[in-house]
Each structure stands twice: as C-alpha cells, then as structure tokens.
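Multiple structures follow.
Paired with chain B in one complex and with chain C in the other, chain A is shared by the two complexes that follow.
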Partner chain A sequence: MPEIHIKNLKKAFGDLVAIDDLTIDVKDGEYLTILGPTGAGKTTLLRLIAGLTDQTSGSIFIDGKCVDDLPPERRKVAFLSQTYSLFPHMDVWENTTFGPIARGWNPEQVEIIGREMLEMVHLYDRKDAYPSELSGGMQQRNALARALSADAKILLLDEPLRALDARLRLDLRYELKQLSKDMGMTTIHVTHDQEEALTISDRILVLRDGKVIQSGTPKEIFNKPAIPFIHHFVGEANFISGKLLEVGDEYSIIVDDDGHKYRTQKTDIKPGSRVVTGIKTEFTLMTKDIWESEDINNFTGSIERILFLGRFSDFEIKLDNGEIVHARLPGYQANKFEDGDKVNIHYSPQRLLVFPEPEGGIKKALEMV
Partner chain B sequence: MTLSEKISDFISRKKVIKGWYALVIIFFIMLVIVPTLFVLTYAFTGWDEIQETVMKAPPEIQYTPTHLPVYNIRFTSQDIIDVTESYSLEVEYDTDRDTTLNHTVYLLDDGEKVIEFQEEFIVNGTGSIWFNASANDTYNYFHHVGDGYQTIRADNGTGLIEEWENEVTLRSGDRLPWDMVKDALIVSFTIATIVTIIDFTAGLPMAWLMVRKDFRGKKYIDTLIDMPLAIPTAALGFSTAMFWAVTPGLNPYGSLSLTSSPFILVILLHIVFSYPYMVRSLSAILHEIDINYEVAASTLGAPPLTVARTITLPLFRAGLVTGIILCFARSLSETGGTMAALAMMSPAMGELAYPMKTGPTLIGAWKHAGGFEPHLAFTAMILVIITLILLVIIKIVIMKFKMPLRKVFPGPERLLSKGVFPKMKDALSFIFMFLVLLIPSFFIFSFVLTGEPSPVDWGGFWGAMRFSFLVAGVITVINLIFGVPLAIYIVRGTNKIMTNILDVLVNVPLIVPTSALGISLGMFWGSMDLGMTTLLVISAHLAFTFPLVVRNVAGAMEELDPTYEETARTLGAKPMFVFRKIVFPSIKFSVLAGAIMAFTRSLGETGATLAVVKEANTVPVYIVGLVKAGNYYPAALACIALIFISFITMMAMRYMTKKAGDN
Partner chain C sequence: MPEIEMKGITKRFGKVTAAANINLKIKEGEYVTVLGPSGCGKTTLVKILSGIWEPTEGDCFIDGKKVTGIPTFERDLGYIFQNIALFPHMTVWQNTSYAPIVKDRDPEVIEKSTTENLELVNLLQRKGFKPFELSGGEQQKAGIARALCSGSKLLILDEPLSALDARVRLDLRYVIKNLVKSKGLTAIHVTHDQEEAMSISDRIVLMRAGGIVEIDTPENLYNRPKNIFTANFIGEASFIEGRIIKNNEDNCCTMKARNGYKLKIRNDSCMMKGAGVVIAVRPENLFISREKENNSIPGEIEDKIFMGSFMRYRIMLATHDLVQVEIAEAVDKTFNIGDNVNVIFKSEKLLVYPRPKEGLQEVLSLE
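Here is the complex of A and B:
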C-alpha cells in the first residue's frame, strides 16, 4: 500500500533549519497538498521523500518500510519538478520511456507502457517531437506521462502548474487530480497558491518555517484557520488586536486598544487574555447606505483606494476612527463604488475569528518569511 | 542480470561512487597539486643550501686581462679565419657531411678538469659559427671560479678531426646568483605587467567591436583573433623575432628589423599570444551585460563614451579579472617562444650569456647547463610564491578598486563620441590586430618562401613529433578519466567546504609558471628517484593541462540544471545510467573542448618540459634547439608543420564547440 509515514524528520542546511521535526501521515490514495509561503520548506520536504537529499535526522517510511537508506531510484516515487525537467535531447517518446528503460524492462513492456501513458495524456501523436517544440501544457502532460510510466505509486508534484499561463492552470489542475486518482496514486502536491490548494486537495497541510501549522480539509483550513497567519494567507483578512472582555454562549466581546468594543464569534479563550480577531476581506460587508444602527460592529468611513481586479475589486477604506480596513467585493457589486464614497462597514460576529495574540504582535505574525 | 548490468550496478552503489570521488580527489592532490607546490618545501629543507650557493658571493678572483688567449684556428683545410676580440670566436667550416662542433669549457677543480659548459652544433656545407666563451661575468660560473680550458673539437663521424685547447681565466663577476634571479624576475614581472596593460588597452575596443557592433566579415575577424592560440609559442617566438627584430645572421625578406632590444621584442611576442585571451574574456562578459543598461543611459542623454565608461565598465570587473589573470599568467609562464626569440638576437651564445633573461628562460638555461639544482629550486620557489601572492592581490585590487567613474566630462566626452574618433578607434583596433598579431605570427611563411633552403632532418622532427603526440595523447586520456569526475564533484558535491577548496586549487597549476611547475615536479618525483624521462614529462604536462579539462567540464556542469539528474534518478535510473544518458550528452562538447585544449597546450609547451628533464625532445623543444643552433630553415619548416597540425585540431574544436552552442 503506497502510504507515507514521516517521523520526526529534520533537515538543516548549516544553521538554517528547513524542516523542523516534522511528523506526517499520508493515506493510501490521498491527494495531499502542502501549502506554504516561499521558503517554508515545501520543496525540501518533497526532495527528502524522493531521496534527492539526505535528512539530518528522522525517518521516512513508504508502505511501512523505512526508505532512509534507499537511493532515489529504488524508492518508486515519481517526482515532477517545477520546470518539468524534460530531457531536452530526447523526444517525447524517449522521455516517456526513460523510466522503464532505466529499470531494464523488456522492449515489449516499454512499448506498451509508453503508448498507454502517452495516449492517456493525449500526446501519442506528438511522440517524435522534442520538448522545445511543445507548448507549456503539452510539456506538463509529457512530464506527467513520464512520471506515471516509471512504475511509481507515489507522485510528488512540486508546483506543477506554476510555469503555465493562468487559463491553462485552471484547466490542468482538475486533469491532474483526475489522472492521479485514476491511477490510484498517492499524491503530494506542493504549492504556494491557496486557491489551487483549496480546489484540488483531499487534505491541506500548511507549512511554515519547516513546521506543520495546520492540517485539514480545504473547508477546515478556510473556515477554521488555526492561527492568524493562515487566516490571512488563505484569503486575506483585517485584524484587530485587543483584550477579551467577556465570553458568551453566542458571542464574545473584545475591546481594542482604543476602547472600541466588537462582537465576535464565541471562543474557549479565557476572558481577560490578549487576543486578536480577524475577518476575511470578502466577508467584510460594505454598503453604500449608512446604517443608523447601534450595533457595535458597525462603522462608517470613506473609500481611499480601489484596486480593480476584474472578477472582483479590493477596497481600502479609512474608517472615521482613522483605521484602515480592506474589503473585497465581486465585480458586479464593486462597480457601484467610487473613490471617496462614504460607506458603511459591517463585521458579522460569526466571521470575526478570535485567536490568542501571537507573540511579537499581529504584524510580525503575518510576515511571510 | 548481464555482466554489464552487474558492473553498472556495482559502480552505482553509493559507497563505490564515494570511493571513486575520493580516488579522484587523491589523484588531483597527489599528482597535480602537491607536485606543483612541492618546491615551496625547499624553503625549509634547502635553506642552508640556498645560503651557501645562491646568496653568497663566490671567492674573489683576480681578473687578468693580460691572460686573454688569442685563437688562431684553422679548420679542416680552410684558411685561418677570424680572430675575434676577447673570448668570442668565429669558426668557419667547409665540410661535406654532418660534422659535430663541440665547444667545451673546462675548469680546474683541484687540478682536475671539470666540464663547466658544453655546447654542440651540427654543421654541414660551408658557413661560419660563433662560439662565445667570454670570460666576463655573463657566464656566471659560480662554483668553480678560476683557471680552466676551452676546447673546440670537430667530428664529422669518422672520428676526431681536430681539437684546440686554450687556457682561459674565468672571472667570477661581482654579482651573486641571487642578483641574476632578481634581475630575471624583475624582467618577467615588468614584461607581464606591460603586456597586460597593452592587451587591455587594445583588447577592450576590439571586444566592444566584436560584441556590440555588426559588420561584414565579423565571423572571420573572430576566427583571426584566435589564430595565434593555435600556433605553438615556440613557433610564434621564432616568427615574431624574425619580423620585428634585428637578428644577426638572418635577414629574411620583409623583416622590419626595428628593434635590437630583447625587452621590446619579448613584449611584442607576449602580446601576440596573450591578446586573444584578453579579447575572449572581455567579450564573454560583455555578452552577459544587458544592452538595455546602455540603452537606458543613452536615452537619459549620455554620449556613447560616457555610457561605456560609467555604465558598462563598472559591470565588467569579473571579466577584467579573468582577462588580466590569464594574460599575466601566460606572459609570466611562457618559455619556448621567449627562448627562441632571445636566441635569435644573440646567436651562438650560451644561454647564460644572453643579455636578458626572464624567469622561465633562466630556469631553462640553468637546467640546460646542469649543476644548478639549488638555484633552480630557489628560482622556482620564488616564482611560485610571488605569482600566487600577486594574483590574489590583482583579484582583490580590481574588485575593490573604485575608478573615478562617476565624474562626467560632458563636453570632451561628447566630442570624442562622434565624428572621426570612434572610427579611428575601430581602425586602430584592426591595425593593431594585423600588425601586432597576425603578420608577426605568420611571418615565418614569408621566410620559408623567400629564404635559402637548407637540409632538414625530418627524422629528428618526426621523432619529436611522435614523442609530443605520445605525451599529449596520454595526458588527455588521463585528464578525462580524472578531470571529468572531479569537475562533477566540484559542481555537484554536497560538502561545500571541500568543493570550494578544490575549486580554488584547480586553478593553481594554470597560474603557476610552467617552468617553475616543472622544477617543482622534478623535485617531487626526483626525490622518489623514479628516473624515467617520459613519465616525468607526462606528469608535468598532466599538471598544467588538468585545470583546462576540469574548468571546461565544470563550466558545462554549472549550466546543467541538476533537476534533470534528480528527475532521472526518481524515474529509476542508477547514477551510471544518469551519467551516460543525461549528463554526458549535455556536456560532451565541453568535455571535447577541454580535451582538445589540453592536447594542444601539451603539444605547444616548452617550459615545463625543459624544466623537468634535460634531454626531452618534444616538438617545441626540438624547434627551440634548432633556433638556438642557428638552423633557421629547418626550424621554420618544423614550425609550419606544427602550425598545420595545431590548426587542424583548433578548427575541429571550433566546429565542435560551435555545434554545442547550436544545440
């Protein structure tokens, strides 16, 4: 069974710890995404699993067998690098059959698997072309066919969609998942693109500074981020730091440093603790009508800046109390607003997630590196 | 499993690979680096000897001018010939077969005759030859100063014909051997500095022209610049001296005969073979510099000269360092061509009597004379130390040095940027290239076409050729076997401290003057008393060509994205399979280029060969020997034969590296 068990894995480059005491289990047939900012150690983790670099300590088990001493060619793990690494001096066919030939299969078997894989990725009619003659999408499919024909049951994908243009990236990510499921592969897909991770994963593992900071289904990661960093990284969020005043059955109340109170979701944190609360910008309600409401989660302000992004727009709003907040609106709604408009901002209490205040303050906790 | 699979399996094991790398590193350290730097140990082991022989003045000897012998030499049946002043004498001969003229100077050491100096010439036909047995200090007989004899014998194969013996008094001179070393080194470093400056001044506009401008025939000019590199320096020295200098006893048609200063001639010669390195290094880096910086500066209103000076030149330093180090090291190291050129200006003189010597030619002369082991070791040691220090300094100074580039002189620079000035600069570049590089390089052809033919000993030439090819062939094979894995290790090795050290060490044999390297190597292996000439020559050539293979292959490996190899591994390929199918196809042209460079460098090398063994006969040594003996015509023919062979190999290399560039 192609399951992966990683135990207390550590990798250091000199003083720099890239992977820090990592323990992960990947189930058979699972499509796991590792999400994290640049420098989180994602690629290093893949390289460790593939055997391309030696760990400082800890162990990796594949199918229950320790593979620490096995060279890459004996781990039966297919690795697809960011740039695909199609061998430039070999054509599509030679690239695809490289694995079987390297493993010394007999020519008939090589012929069969090569044909099967290339037909699967719809490249059989281009089998005499060289990588430089293929489009980005074809190169990606060729690399995938090559990885799949190598008799591996584990597929490691290192930002496999990064080099493609936006449109193709959307089409191919479903194709990628489908192929891997059809082949019964266990897949680890590394990406820094949260949208990509949310759409294709069975499970997401958020990695930062070589540590797993959260593991869960896409919905869990999006709706119940473990720390402010994930809240901000997966989607974008407005944060308020302050003190937890009281905890109710439905809501909690926190007070910020200027004495303003907010109603937030309920929480297990002890009243009196320092906390931060954050709301994703797409849940920040912005309307043109000023609500004459006593609701403490209601504010007025004016639009400072609009960032037009096509399908949606990002707004920067200066509240009357001087604070800057962000809101994201879908395109059809965004059209109604213009620079300088007076607006009403509302934070829905259920959307204001509460976290213990991170050490060093919220700004530092959100830093990408 | 077939046998070949079993072997490949065995080779691919982690431990075997580690062992192989270890072996390669040991090879490199023991056969290349340690022998190259072994001479440095002499500072400790030979200190007393240095004090005794090199630093101390020989006993005072009275110079007695009244003791001058006067020769009346009659040769075979001919008349008495010229009687020259003091200790030089001209012998005229007329013989119908190869006759050996042997000139020996004996000294009396406790009443016993000891050969101090010996030179031999083979003559045939009618002509005259000069023997210089002057008793002035240029001989520098430091050990045995005192009275002695000078004999001249003639032997035409039928036994001794005649022998003359004369008593002479040799004056020691008031200078120490150390003074000679000092003079030679000062000459060497001065020449290297001047040559490098001229190379840079003339090479920069040329590199600019080749990279930034398009004109008809650029391709051919590009090839022409490299031409001197294909000619062994011994041939270049011969050809250049003929073109520029006053060469007694030889005045070929078209010779300019402009200078009788060995200093100027050697500078002109060294420019010929170092200029291509400078142009290549500068244009390589110029290629890398994004033209958009220059475009941006121009649109901001800077005239071309200002742009070049303030934008491009500061980005240039890396290329400048490479170019300067290459030119400096090549000039410092060159032996064969310099020997040939100096010999032509002072024909029929003992090498030690030449009015000017460079470090390498002094080493060659002492080695040739024999009995100067401490002097040789000392000179080689000093040369190695100064070279290494100086090159580190060059590197630091250029990288740190802030040229006053910010200051702009809008008026003059605008004026100099347009009209006749840029055209003049381009024209001068071409004139320099033709006059200083190409015509002197190929002047030898004019001599052969217009000169008077004299018999050629083709047997000797082909013998030397066979030996040269044997040496070059063997070192090329060994270089490939050990150089390719070392290059791969340097680029891909995981132990960064180790790879960085190796990366620096690999350049050492490239920088150390080859004659010093030869002395060092001779001491290292000589101390083990293996005593085999061929092996010594091979190991010397191995040391200075090894970096060429490693540098080329390492360069290609750096270009090769490691993910190709890694991907291949995860696809199930063992390391050997990855090397054969992925790595080698990608670097093969660089491997080939390295191999050909090593081969041609070995073929053209004189200094290292002469420094390791007294009696080795590679082609350049053979040519230098002919030139020294005044057999100019055969020397020229041998040069031309060697030029053709080198040219064919160079063309092959260009073709192959070009193909690599196309892929």
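Here is the complex of A and C:
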C-alpha cells in the first residue's frame, strides 16, 4: 500500500489553476523530489499534502486513510519551509522540543526525542544557542530537527537548501537524504535545482503548469526525457528541427529545414512527421582532429566561447554551416582547447533523442517560465 | 576607465571584525569576483568600496583618487542588488532611465541610452511593464539595464543572481559577463557560488573570516590551489591525513596514512621526514579498480550516486577516510554498493599540504 496516495487533486486560485488533476503515489520509505521551474505548482502541492491549504477538488490519502478533513497537526507530516521559521526568542533546545511539549508529552519523552534529534543533526552541543547565533546551515539543521521531532513518518521539504551557500548545499543535500533514509521516513522534496534532484532522489517527478510531465528514476529522467523541455532542463541539450525521413531497426534518419540529414536513435514516430532531435551537451563529442569522414553526423566549426567550471568547461561552437552548438567537456579534456580553435563535432546517433515537434516550435517549448 | 585599490581596509562592528587589513588591486576592464561563505566579509568589502559604509581603517582609491569620505552618489558606480530593488510603481522604462533623469541628462541622450541598454538585456519589448508583471529573471535584467544606464564604468554586483532559479541563473551569468566585457567595464561581483565565480571571472578573490585566503585565476584556484581551504571550497575534494616517512630523490616522498597504508606523493615544498601532511584530491582525479594496483588503498563502496554523464561513488577507505570518486558513464564498469575495491591515487593529481595545526576540520569548515 502506498504511503501517500493523491487522487485527481486540483487547486485553483480564481482562474489560475495551480494544481491540475494530479494523481500520484508515493511508496513507503521513498525519497521523491518534485522538480520544476518557478510557478510550476511545487510548493502548492506540498502545502496541500501538509493541510496548510485546502484543495478545490480531489483527495489525499495517507497510510490508506483520507486526510482531506484533517488539520495539519493530525496528518502526521513534518513540514520544513524555505525560510525555516525558527522562533527567534527560543534557543535550539526549545525550538526542537516545542512540538512534543505542545502535544503534552511527558518531560522524559521530551528529553529523549529532543536529544535524539539534535544529535542526529550534529547540534546537541549548541542546544543553548539562539537562532541569531547560528550560521545558515545550523539554522537549517535546527529547523530539520524540529520538523523531525513532530514524530511524523512523512517529511515534506520545500526547497530546504535554497537559503544556504552553494558550497554548503553540496554537503548538506547528502546529509539530508541519509538522515531521511536512516529514520525510515517517506520524503517529498521540492526543488528547482536539477542537479540536486538528480543526486538525491529515488524518483523525480517533473512538474510544470500544475501537471506531472514525467516521473522516473534520475537515470530515466536524464537518459530518456519525455519531452524536449526536460531534455534541456535536466542537463542541457542541442536541438535540431526537421522531418523524420526513415525509421530503421537501429537508426532513424532526419532531415533538417536546410536539407541536411542526421542519423538519430530509432523511434516509434511515423515517418514523414515533423520532429525535433536533441543531444545533451555532455554527449556532444568535440575533438581537435578534423575527421575526414563521410559520416553525416560529423561537423566542423570553431570555438567561440569557453566557460571554465572546474570539473567541466562549457564550449560554444559556431559550426561552418552557421549553427551555434554547445559542448561540455571534463576538465582534463577541456584544457587542450582555446578560443578560436577549429574543432570537429560529432553526434552519436544513440544520443540524438527524437521527439514529436512541440506545438509552436522548439524555441517556444524551451522557454523557461 | 576605473582602476581600484583597497589599502589596509579594516571594518569593525563593535567587537566583530568583518574585514581585517584587506589589500586588493583591480585592473581596469577586469572582472573580479569576491567569493566566500556567509559571513566572510565579502559584502562588507563592496559596501566599503561603494561608500555605503566607511572603513574603520584604511582607504579606497578609484582611478588613483582617494574616495574615503566621498558619498556613494559621487563615486560614479553602477550597483546591482541581490533583491533587485526596482521601484515597484515605475515601469521598466522609468526604472531604467531613472539615473540619467536624476543626473539631468539631455532628453535625447536619455532616450538613446535607455533604448540601447534595454535592448542589450532583451527587454525593450517589455518597457511598459511594471516589475510585478515580470519574471524574476526579467526583473534582474531590468536591474542590470538600470545600472548600465547610469553610464559609469565601474559596476558593483552584490549577489545579483542569488534570488533567481538555478536555470535562470545560468543564462544570466553569460548575459552579465558579455555586457561587462563588450562595454569595457570594470566589474566587482560578490557571490557565495563557486561555480558562478569560476564561470565569469578573470580573477577570484576568495575570502574567509574577514580575510583574503587567495587571489588567482579560476583555473589556478581549481587546479593548483595554494591553500587547503581553497581546495575544498572551489570544487569538492576528499582528504587523507598522514605523515611523511621517507623522502625520495625524485621530488617525491612516501606518506603513511592511518592503519599503516602508504602512498607515494609529490613533495614540491620539501617537507621534512616526520612532518604531518594532508593530501586533497578531486573526485574526477581518483580511479577505482577491483585488482590491487600501484599506489592504491582498499575500501568499500558505501553509496553510488547517478549524476548524469558520470557516476559518483562514496568509498570508505581502510584508512577510515571517506573519499568521493567520479567515473564517466562511458568507462564505468558498474561497481555496486558493498563492493570491495581499490582506490588508485596518481601522485601527479594529488594536492599536498602541510597538516594544519588547528586540525583539518577546523580549517575546512564552511560555517
């Protein structure tokens, strides 16, 4: 039985539909992230599950029981917001044990849970400090300890790392996942950060305009994106629009609007249809030797711009046919290239994913909200 | 064109020293980012430069002219804020043209400069919109156009991208860098995001606890960090502590880690036998093998994380050090959680530091 079952959930604010007929199951112990651009409805969904706002229609079940009429405190969910909202006049210990005391637990139980939670987030030795005396990361851990001491089985995290320094986020996102797994929690984590989602999730749900546009493991979302938008949002991709010419057992052939042909992955789409094909910049092969090859997926061009990112560099290449494409290379390969270098670009057919052409064209489909 | 110099700048708030004896020179036309964790003093530095705060000690020079005591509006600089700070009741056009109007420029000049700068950030079509009708990214573009429209050659960017979505941030980075370079501005950009800093800067000033840790190009800070804090802050690294037990003739030495495991490392700074040593290594510079190899330490895979085009492994070594190893998907032979493997250390890929007296965790701490 799924821990959380959401059925035909809808939330409208006047004419604006924030959540549009969502049906989702979350398994017991699963770490699910909800990924999407600003305005996708991520936070609204979390608030609906927590009971902080009422749905327009549809139902939410937790542990098989409908919670539509239950107030937040009786849903057995812990909610951690972006801004932590610690009580500024209470110290770490008082903030952490606020919930258990309010629920009338006996002092011994309060002592045990408070200590256990603070030890878990490595803050027990700072239990007398006030929020203003803590760093952002410590405040975040204090808020987490407080959320966990609610004795809930479900953890709802609304961009829990957003207010933190970029470098600290890298360390804490891993800790967050470990903690949730160690406690056997079922977690729903909202984020707009695709790298965060890839690295911590059992499953990712991509949300846009209040609808689920794909649900899958990080590997599925990255390697088999459902639509061009996801191909470009999780990682970054180069796209070509054209017509599907041939569909073979191993490859397909696409012809772009200038008449150039490309060999792509095989597809179920009917030949003759308008399609787009896209390859992730990580898989766009760039070399210094110009291949003397007849291969139609082979191009020459020159480097227009290099962005050093440490582990990677991102390259912008102007192909001899005028197209601008991007490639991402790991550091040890990237340092062989300079601005203006003539390069060879190759698209491996299996990496050129094929999609039906989105309504209004590829450019519109990739526009960020 | 402005050249910046900060000489012996110290700023105290009561007992707290936010900046301690900062000396910094920025060349004209240079794009410099000031990077560091929260509370390191980076914002203090640009607030002093822009005249929002006066230093407790020391002086700032813009174009060779001492600006201490000169108010912000007379320092001729453009300022881009983290919280964007557009006038909510004004349109994009009115916000952008605000500075030239206040400066009483000729209407034709105002018209021309506002049009040009809105075009540069691709917002001319939205000139009639009020801020609340724009997305976060568009609002910040209007903020950039407004700063550029002031006509000053010095641009200060105080965490300009922090309030935006991850993806919008990436796109705006390039917009900003291109504008600064094409207009030949000098830019000082404050950020806590090491990737952002690497992608846009000519040089990075890395700060911690009110002081400058290291100043260098992104490539040098990533590939050859002189300071151990830099190695962990700019890009991730795993660390192994040990002691030098033997010095070889080839500029290398043998280090003994916990539980008696030995590694051959470089010893370019000629550390003595017996000295405490720490090596730092980036996840992409470690390798895994099932067989025992030269210069390797056995360990067990604790976790495996999919990261797109590569896989990251977290491995607990027999020396009780946790290391992270990244392997490209193309060459990944799918090791699994619980597998016993050997982690291979290539001495030319290891960063070597004397072991810090305060303790490793203390010098690496981000909080």
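Heads up, the rule we're going with is that the second predicted complex is superposed on the first by the 367 of 369 C-alpha atoms of A that agree within 3 Å, B and C clash if a C-alpha of one lies under 4 Å from a C-alpha of the other, contacts with A are read in each partner's own complex, and residues count from 1 in each chain.
Definition applied: a contact is a pair of C-beta atoms (placed from the backbone, for glycine too) under 8 Å apart; a residue touches a chain by one contact, two chains touch by 3 or more.
None of these values were measured; they are calculated from a predicted model.
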Dominant toucher of chain A (residue count), chain B or chain C: C
Doubly contacted residues of chain A, that is, touched by chain B and again by chain C: none
Residue ranges of chain C in contact with chain A within the complex: 37-39, 135-137, 165-168, 171, 174, 192-196, 198-200, 218-219, 222-223, 233-236, 282-284, 305-309, 312, 326, 328, 366-367
Interface residues, chain B side, partner chain A - complex: 5, 14, 561, 563-564, 566-575, 577, 581-582, 585-586, 663
Parts of chain A lying in touch with chain C, wherever the complex brings them together: 37-38, 135-138, 165-168, 170-171, 192-195, 198-199, 217-219, 222, 233-235, 280, 282-283, 307-311, 314, 328, 330-332, 335, 368-369
Chain B-touching residues of chain A, taken from the complex the two chains share: 47, 50-52, 71-73, 75-81, 83, 85, 87-89, 98-100, 102-104, 146-147, 150-152, 156
